[in-house]
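Structures incoming, each one as C-alpha cells.
Both of the next two complexes hold chain A, though its partner changes from chain B to chain C.
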Partner chain A sequence: MDTAVDPAVAARRPWIRRFVAKMPWVTRFCASWLIVIVAAAVFADLIPGLADPNYQGFLFGDGATNEGPGLSHFLGTDNNSRDILARIVYGARVSLTVALAAVFMGVVFGGFFGSLVGFVRGKTDSTVMAVVDVILAFPGLVLLLTVVTLLGRRDLVVIATVIGFLSIPPYTRVARANALSISRREFVTAARAIGTKKRTILFREVIPNVLPTLLAYAMVNAAVIILLEGALAFLGLSVEPPTSSWGTMVNASRVDLQINVWPAIWPSLALVFTVYSLNNVGDWLRRLRSVRSAAL
Partner chain B sequence: MPDNVANSPLLEVDDLRTTFTIPTGDVKAVRGVSFTLDRGRTLGIVGESGSGKTVLARSIMRLNLGTNVTTTGTAAFDGNDVLTRSPSEMRQLWGSEMAMVFQDPMTSLNPLVRVQRQVTEHLCRHLNLNRSEARQAAVDLLREVRIPDPDTRLRSFPHELSGGMRQRVCIAVALACEPSLLFADEPTTALDVTVQHQILNLLSREQADREMAMVLVTHDLGVVAGRTDDTMVMYAGTVAEYAPTVSLFADMRHPYSEALMRSIPLTSFPSHTRLAAITGRPPDLIDPPTGCAFSPRCPYVQDHCVNEAPPLVEIDDPAHRLACWTPVGSPEALTAFEKNLAAGLPQAVAVDVSTTWSPTGGVDG
Partner chain C sequence: MGSFIAIRLVRLVATLLAVSFLTFLLVNLLPGDAINALIPIEAQQDQEYVAQVRAEWGLNDPMLVRYGKWLGDAVRGDLGESIVTSRAVSSEIAHRIPVTGELMIVTVVFSVLMAVPLGVMSAYREGSRLDQVISGGAQFALSVPGFVAGLLFIYVFAMKLGWFPATGWTRISNSISGNLMTVTLPALSLSVIEVAVYARVVRSDLVTTLKEDYILSARSKGLRDGFILFRHALRPSSLTLITVVGLNIGLLLGGTVVVEFLFALPGLGKRLLDAIFQRDFMMVQGITVFVAMVYVVVNTLVDLVYLVVDPRIRKAD
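Showing the complex of A and B:
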C-alpha cells in the first residue's frame, strides 16, 4: 500500500485527457454541445454564411415567410422571414449571458459570503443568513418588474443583473452548508495548529474545497436560469424585440403555429439540449466530486 | 532571569478541568489533571477511548474544542499560562512553539493542495523564502521524514500517497517550524500495523535529534514502552497513575494500568474501541461516580473505594504517583480480590489469573 498511483506517470498525462477519459459518452456529447453553443454565441459575427438575424428578406423580395428547413435557410424562416438558425445563435447570447451572470454573481458573491459565514459562524452567520432568507422570500418577478419600470428599459444588462442578484442567495446556502462541514475537517484544525491566520485558512483551505461543489451546482443552476429566461421571454418580460431570445422566438411562433411549427421546434430543441447538457455535465461533476472525496 | 526560564519546566499543567455543556448536562471530560514536562522530554498519555486524552491535549493547545466548553486550571507553557491567552497570542505559539500530529493522516491534509505547498506554506511565512528556497526546504524536510524520492512526491496530491506516507508528510508539516513541544495524538492508530512502528520510530528520532519535548497520546501501553520518559495513565478524565515509564513497567500499581497491561497482547484493535480485556464500560462523564471512577470495573474494589475517591499521591518512589486505595500487589488488594472472586463479582471472575501481570516477573513489555 506504500505506492498508490505513481505520481510521476500520472503527472505526465495532460489533465484534460485524464478528465475526458473518465466521461461517459453521453456526457462527452453534452459537453461538446455546450462548447459548440457557447462558441457559436460568442463568435456569431464571425461565422461565415450566417444570416443577419433581423434581416426580413420578404420585404426585399428575397425569400418568403414561414419557409421550412431547406438549403437557403438550414432551419427555415419565421413569420417575418428571418433566418431561424441565425436567430437561435444570436438568441443563445441572451440565454447564455443571463445564465453566466447568474453563475458568476452566485459563485463570486454567494460563494464568498457562504464560505465566510460557514467558517466563522456566530453573529455574522445569523445576520447574513437572515438577509438571504429575506431575499429568497421576495418574489423575483415583482423585483424584476419594479426594476424594469423604474429604469424604463428592458435590455440584457438589466435582466442579467436582476437575475444575477436573485441567484446569490441559493449559492450562499450551498456554499455555507459545505463550508460548515469543511471547517470541521481535520485539515482545517491542522492548519490552525501551525499558526495559519483565519483569513488564509478561509481562502486557502475552505473556499477551494467549497468551489468544486459550487461549480457542479452552478451547472444545474444555469439550466434553471436558462429555463427561467425562456419563461420570462415567453411572457414578454425578457429583452425587448427584435433582439432574439429562445423564449421570445417560441412566443412569436404562436401566431402561425398551425401553418408552421418549425419556428417553435428549433428554439425549443436548443433549449432542451442546452438544459439537458448542463444538468448532465453538472451531475457528472458532482458524482466525480463525491467519488473523489470518498476516496480521500 | 534567563537561566531561571531555562530551568523551569516547558509545560506545567495544574488542576486542568475541561467541561462541555451539552443539552443533557455537563460532560466533565478532564477532571483535574496535573503534570509537568521538561524541555526535550517525552510523556506518554495512555487510556482507553473516552478517557479524555484528546480533550486534554486540545485543551492545552486551545484547539477546536467548540464554543460550549469551559477550561479551568492552568497550563503554563514557558512560564506563561496558555489558557488565558487571546486567540492571536495563541497563533504565535502554534507551529513555532507547539505543534500537533493528528490521528488520521487521511483527513489532516488539504485534499486539493500539493505536498510541497502543504509543507512549505508556513515555512515561507515565517522565514520569507523564495520559490526555490522553499522547494529546497521542502525536499530537505521530506528527506528527513524518510520519504523516498522527495522531488517527485512534492508534486503529488495527498490522495496519491499511502497512509504511512501521508502521516510522514503531516509530521514534516508539524516539524517545519521547529516547535519546542509536539503533541502526537494517536499518530498511528489509523495506519497498518507494519507502518505503525516506522512512524513511531520516526517520531522518537525527530524528538531526540531536535531536543523537542513530545506528548505521545495512545490507547496502547505497548506504544509508550521504551519510547517515553514518563507515562501518565488516564481514566475517566483523571490521572490514575503517573510515573517514569521504566518504573511504571517495573512496578505497575494501579488496577487500571494492570488491566491495560493485560490487554497489550490484543492491541491490534483499532482506536475508539473499548478494551475487551476490561469488563464494563467507562463511566458516564456527566454524572461520574463519587468514589473511585474505576470502582465499577475494578477487580479489587472495596466499600471504601465506592465512597471516597483516592487522591493522587506519591508512593515509595517519589516520582511514582498513584490514585488507588489498595495498590496492586499489596496484601489488602489480594484479600479484596479473593473476597470479590468468592462473591462472584463479574470483573473479578473475568480476570484470567494465569495471564495476570504480576510485579514479580510476569509478562514484560
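Showing the complex of A and C:
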C-alpha cells in the first residue's frame, strides 16, 4: 500500500487508520486473526449457534464420531463426536489466558525488578541476577514439567500461575539491560543533579522508558508461551480434561489419525496461525520502534 | 585468560549447587508425601512398618541434612534409586543418554546444513524476492512446534508414503541403517524451528559483515563472490552460530521430551515423563538435575570456545 497520499490528508485520518496504513498486508491479516481469536475466546458463550464443546452427540444418537467438515459441524467432530470448532474456540481461552498471565506477571514483576536493579546496581543487582540465572539454568519445559507435576493440581489457575511465575526471569533480564543504558542517559543525570529522590527517578524516568521495549518483547514472548502451553498440553500435563486445549486436541487426534486427519489439522492450524501472528505483529512493532528511535 | 576461566568455573560450580538445591527443594517441599510412593495406602495402617520405612529412606531428617546426604552421593555419581523400579537413577540416565544425545546431534547437524546456505543466500541478496521468501519462511517455521511438525511428518512419510517407521527406535549397535531410519523423522521435526533460528542469525550477522571494509577490499581485488561469502564473510559469523547453538540447547532439550513422547523413543525425556506419571520423585529429581547440569556446562563450554577462537575477548579481560 505505497500509493502516495497527500500528507495533509493522511494527517487528518484517525490515528488507528494511519497506524494500519503502515502495515504490510501480511501483518494486517495477522492482526485481524489475533482480534478474531481474542474476541472468540472472550465471547465464546455468546456466539450464536456454537455447540457445547463437551457435548458428545453420539451418546444421544445425535451425530457421529469422526465426522468430516460439513454443514452441521463446520470443522467436523472428533473421535468423541464433539464439535471441533467449539473445542478450538474454548481451547483459545486456555492458550490466551496463559499467555496473558505470563505477559502480565513478566511485565509487572520482571519489569519492576529489572528496572530496579539496573538502576541501583551494586549488591541488589548481583543478588537478583544470580537468582535469575539459576532459574534460567533450567531448560524451560523441563522445569515446567517438574513444577506442574509436583503441584499435583492442574486447573487453569495453577497452570497460568506457574507459567506466569517462570516468565518473570526473562523479563527481568530484558528490563535490566534497558534500565542500565537508560540510567546513563542525560535526563537521568539531570534528575539526579537537581536532587530528585531515587524512587521518583525510578518510577518517573526509568520505568516509563523501559516499558515500551518490554511490551514489544511481550508480543514475541506470548508466542513462546503459547507454544510452551501447547507442548505441555500435548504431553497431557496442561489443564485437566474435558477442558479443551489446542495441544490436548492434537494429542487426542493421534488415535484415529489413519481414519480422520481433521481433528489433527484444525487445532494445529489454530496454534500455528496464532503463534505466527504474534511473531509477525511483534516483529513489525519492534521494527517500527527501532525506526522511530533511529530517527530521534 | 586464566583468571577468566577460573571465574567461569567458580560460577559454574555455584550455579550447579544452586540448581541442585532448587530441584531438591521443589521435589521435597511441594505437596505429596513420599511415603505414598513407597508404600501402598492400604499397607500404611501398620504404623511400625511406616516408621521403619521412613527411617530407612531418611524421611525424618531435616531437609538440609537430606540435601547434604543426597549431594554427597550425587558428587560420587550416585543419584539414588528409582522408587518404582529400584534401579539406580544414574544407570537409567546412562542407558538413555545415547538416544537423546544422538537425536540432538543429528538435529543440530541437519539444521546447520540447511540453515547456512539459506542464511547466506538471504544475506547475499538482501531485500530481494528470495530474501523475502526465506525470511518469511523462517518466521513461519518459528511458529511450528515440534509436535505439529512431527505429526505431519508421521502422517505423510510414515502413514501415507511408508518411507520411515512411525514410532520406535533401533539402537545404532543393532543396525546402522535401522538407526538412521528411526532418527530421521524425529530429528527433522526438531529441526524445523532450529533451522529458522540459525538461518535468521546467519543472515543478520552476514548482512552486517558484508558492509565491512575488508569485504570491500576483497571485492576490489576481484575475488569471486562465492569465495568472499564463504571464506571471508561466513567465518566471523560461525562464532555467533556456535553461541546460538549453545544457547538453544535448552529449547532443544525441551523439544526432545515432546518428540520422544510422540515417536515413542526410549530417551531421557521419555524417561522423565514416565517418572512424572508414576510420581517417581527420585527419578524426576535426578533427571532434572542432570539435564540442568548439561545445559549449564554446555553454556560454559560455549563461552570458553568463544574465548579460544576470538582473541579480542582475551585482551579485553
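Convention: the second predicted complex is superposed on the first by the 266 of 296 C-alpha atoms of A that agree within 3 Å, B and C clash if a C-alpha of one lies under 4 Å from a C-alpha of the other, contacts with A are read in each partner's own complex, and residues count from 1 in each chain.
What we mean here is this: a contact is a pair of C-beta atoms (placed from the backbone, for glycine too) under 8 Å apart; a residue touches a chain by one contact, two chains touch by 3 or more.
All values derive from a computational prediction rather than experimental measurement.
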May I ask you to decide whether A:L257 touches chain B, chain C, both, or neither, giving the answer as first, second, both or neither?
second
Looking at A:T149 after the superposition, I want to know if it touches chain B, chain C, both of them or none. Which is it: first, second, both, neither?
second
So, A:N209: does it touch chain B (first), chain C (second), both, or neither?
first
Report for A:A193: first if it touches chain B alone, second if chain C alone, otherwise both or neither.
first
Check the residue A:R185 against both partner chains and state whether it touches chain B (first), chain C (second), both, or neither.
first
Where does A:A21 make contact in the superposed view: on chain B (first), on chain C (second), on both, or on neither?
neither
Taking the superposition on A as described, I'd like to know which of chain B and chain C A:A231 touches: first, second, both or neither.
second
In the superposition, chain B vs chain C on chain A residues touched
C
Quick one: in the complex, what on chain A touches chain C?
26, 130, 133-135, 137-143, 145-147, 149-152, 223, 227, 230-231, 234-235, 237, 247, 250-251, 253-254, 257-258, 261, 264, 268, 271-273, 275-276, 279-280, 283
Sites on chain B touched by chain A in the complex
61, 63-64, 91-96, 98-100, 102, 104, 106-113, 121-122, 152-153, 155-165, 170, 173-174, 176-177, 192, 195
Once bound in the complex, which stretches of chain A touch chain B?
1-5, 7-8, 10-11, 185-187, 189-197, 204-205, 208-209, 292-293, 295-296
Contacts from chain C onto chain A in the complex sit at residues 15, 18-19, 22-23, 26-27, 30-32, 136, 139-140, 142-148, 151-152, 154-155, 159, 249-251, 253-255, 257-258, 261-262, 272-273, 276, 279, 281, 284, 288, 291-292, 295-296
